[in-house]
Amino acid sequence: MKGTPVRGLLPLVALLVLWQLTGDPASPYFPPPSTWVDGVAPLVDADKLLGALGQTSLTFLIGLAIATALGALIGTLVGASRPVDRALSPSLEFLRALPAASLVPVAALVLGYTAQMKLVVVVLPAMWPILLTCRSARRSLSPVLLDTPRTLGLSRWDRATKILTPALLPAVLLGVRVAAPLALIITLLVEIVTRVNGLGALLGAAQQNFLSAQVYGLLTIAGVLGFMVNWVVTRADNAIGRRMRGTA
Amino acid sequence: MARRVNLLGGAVFVAVLLVWELLVRTGILSFSYLPPPSDVAGGLGQLIGNGELGSALGHTLGAALAGWAIAGVLGVAAGSVLGLVRPVWTYSMASLEALRALPIVAFVPVAVLLYGFSVQTEIMVGCYAALWPILLNTISGMRTEARMVESGAVLRLSRAAVLWKIRLPAATPSIVVGLRLGLSISLVLTLVAEMVGNPAGLGFLLVEKGQALQPGQMFAAVFVVGVSGIVLNGLVLGAARLAFRGQLAASGEVA
Amino acid sequence: MSPTILCDDLTVTLPGESGPVEVLAGVRLAVAKAEFVSVLGTSGSGKTTLLRALGGLLPVTSGTVHCDSTLVTGPPEGVVTVFQDYAHSLLPWRSVARNVALGIESRLDRSERDERVDEALTMVGLSDRAGEYPWRLSGGMQQRVQIARALAMRPRVLLMDEPFGALDAMTKASLQDQLQQVQELTGTTIVFVTHDVEEAVYLSDRVVVLSGSPASIGLSLDVALPRPRHQITTKERADYLELRHEVYEALGHRVPIAERSHG
């Protein structure tokens, strides 16, 4: 985040250094950072790490994409019409109240231990931030903006693509900004709980086998992944935000 | 909040349930383990009847609340220091942000590694998870409007008085939001810890029923989880409104 | 010759806070081709409602609106409405030129489209701003962009809802004159809603006053002032002042007896 002084990293760096210096490589609980690389090495050698990262990333990206499309679509539809909003809100709110974690065993039972099941589990909760921002934005679109295509005689398709989509884009981006880290967390969650594939599965397996150095190493990799997602989303948001400047 | 009861919405909800029931019964929607609502209701009855639900719910809520309470104390305390003492903030914020990037779920295997299959795992996970929103919201709440603090100086209040009479009340709405979020997150992560680590509580119940191929009971447990979340959130909000009516009114949360 | 716009016994009822409100009742209005008609009324008198009904943006409760002898049931072909709220009507993510092209880009090929956009921008005097974004322009300029956008469609009828209401007096005067020039050039029929009496008399061939509740046409006054009109000289003419007087009285203003001038 801009503006946070870099010297704030001191405690973290100091902690890691301290850990490194005082840690016992043989400790089953707190192996020092230098052992982490070795801990992860077997996975790299067996070609498992890269594959797992690929699977996690794929689920994350496709899940986020579908969540964005669905969230934007439903959010816009619900925001466009008060009656529809009132009709669907209670059901939607109920679905939203179910935590993602509780959906995992359900999905695993109903859909099986597959990559598709992973996607379903990711899409459902990740959809909400986007749905909500789009609903709110659609509701507050200026009536004058909505009358403009009518008076200019634009077709419904043109109205949707030339007016609605650009006008709602900032809201979609805001929703994606919130949904992206969420999608990553849920991807890892479903992988850790169901062990279908991906980084989470590796983490779970490492823990089960008491390979603590590997656990910490994988944890760090997960952290890097999380950091990258946040960074990309923030950059994209800023870039597009600059172009859309002036949009209400 | 709408005064008129949302009959249409309620009707749609019921209609969805009915359609679901129909589709499963007639075999149009047939996944091997998708139960119709009637089975879910039945499952709920069974779980309540044989006491499984009660004990699981108690365990999970206990662990989640414990983790949350600890996080509350730690988070508000640390958040206050970070929010008030500028040098501390300068020399720690970046570290916190780096740590925050680590997806919390990824910590669950770590916790299981360290604490094994015990309730401590759950509490640790719940506490760590809840700590973040509480901490961050407290920090941002404490960075009060300069004008308000100046008034304290103008009225010649002691620094302790400024803290107690101005900063803390001003920070209260933020802190309450943090506490609410923290509770939801603690609940969720406690569930995860139960699915992956400690075989107890609602999380484990869900996994168990799944493996025992009891979809009706499993769905019922999910329903209970959802309701618990809503109820807990409402309780915190209600308690906060009672205790901090003035502060919340200022931020527009209460009439 | 049949009128371009014909309102026959128009009634519009709109939903209100405490039940439906009859906004317009028994409105009869005929606008001839190339005529400039101003619709005057106080705030809330139903002028915007009338304009929206004419533009097919509002369903009528009873009575009819015809445009060139065709019944109006939705936004009619060849009729464009220009809104008062230009800020929300222009698309902030499109440049001025692309905003102007919005109505025509699906219908015309590239070269014809570019031609029309240039033509429209020249008519409102913004050719040198074609590449800018709306938020960089002043309020007056933004409104001109909206007008250019309407003009690019080469409409038969232009419906304008207090288009200069949000602008300062000097910008307003300048835009009024530009609008006059445009109308002379294109021969478009214009229905112009305003609450500004001076503006109405200055611009129009005919002034129509909406009054009453529910509203109907209270006064229809021909404005036979010579064209082209000038901000200074036209407004000093005796016939201008008389017309102005008559319109104000129709709006409910009375001159105190002691102040009445002779003749």
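The first chain written gets the first letter, and so on, giving A, B and C; residue counts start at 1 in each chain.
To be clear about the criterion, a contact is a pair of C-beta atoms (placed from the backbone, for glycine too) under 8 Å apart; a residue touches a chain by one contact, two chains touch by 3 or more.
The model shown is predicted, which means the values in this text are computed figures rather than measured ones.
By the document's definition of touch, chain A and chain B have no common neighbour. Core chain by CA centroid proximity to the global CA centroid: A. On a Cα centroid basis, the chain most remote from chain A in this structure is C.
Centre-to-centre separation of chain A and chain B, using mean CA positions: 19 Å.
Each chain gets one centre point, the mean of its Cα atoms, and the points for chain B and chain C are 56 Å apart.
Each chain gets a centre from the mean of its Cα atoms; for chain A and chain C, those two points are 50 Å apart.
Not a single residue position of chain C touches two or more of the other chains.
Shared interface positions of chain B, i.e. residues touching 2 or more other chains, are not present. Chain contacts: chain A has no residue touching two or more partner chains.
Those residues of chain A lying in contact with chain C across their complex are 142, 144-145, 147-148, 150-155, 158, 162-163, 166-167, 243-248. Those residues of chain A that touch chain B in the complex are listed here as 1, 4-13, 29, 83, 86-91, 94, 97-106, 108-111, 181, 184-185, 188-189, 192-193, 200, 203-204, 206-207, 210, 212, 215-216, 218-219, 222-223, 225-227, 230. Across the interface of their complex, chain A is touched by residues 55-57, 74-75, 77, 79-81, 83, 85, 88-89, 91-93, 102-103, 106, 133-135, 149, 153 of chain C. Within the complex, the chain B residues that touch chain A are 6, 8-13, 16, 31-34, 89-99, 101-110, 112-114, 184, 187-189, 191-192, 195-196, 202-203, 206-207, 209-210, 213, 215, 218-219, 221-222, 225-227, 229-230.
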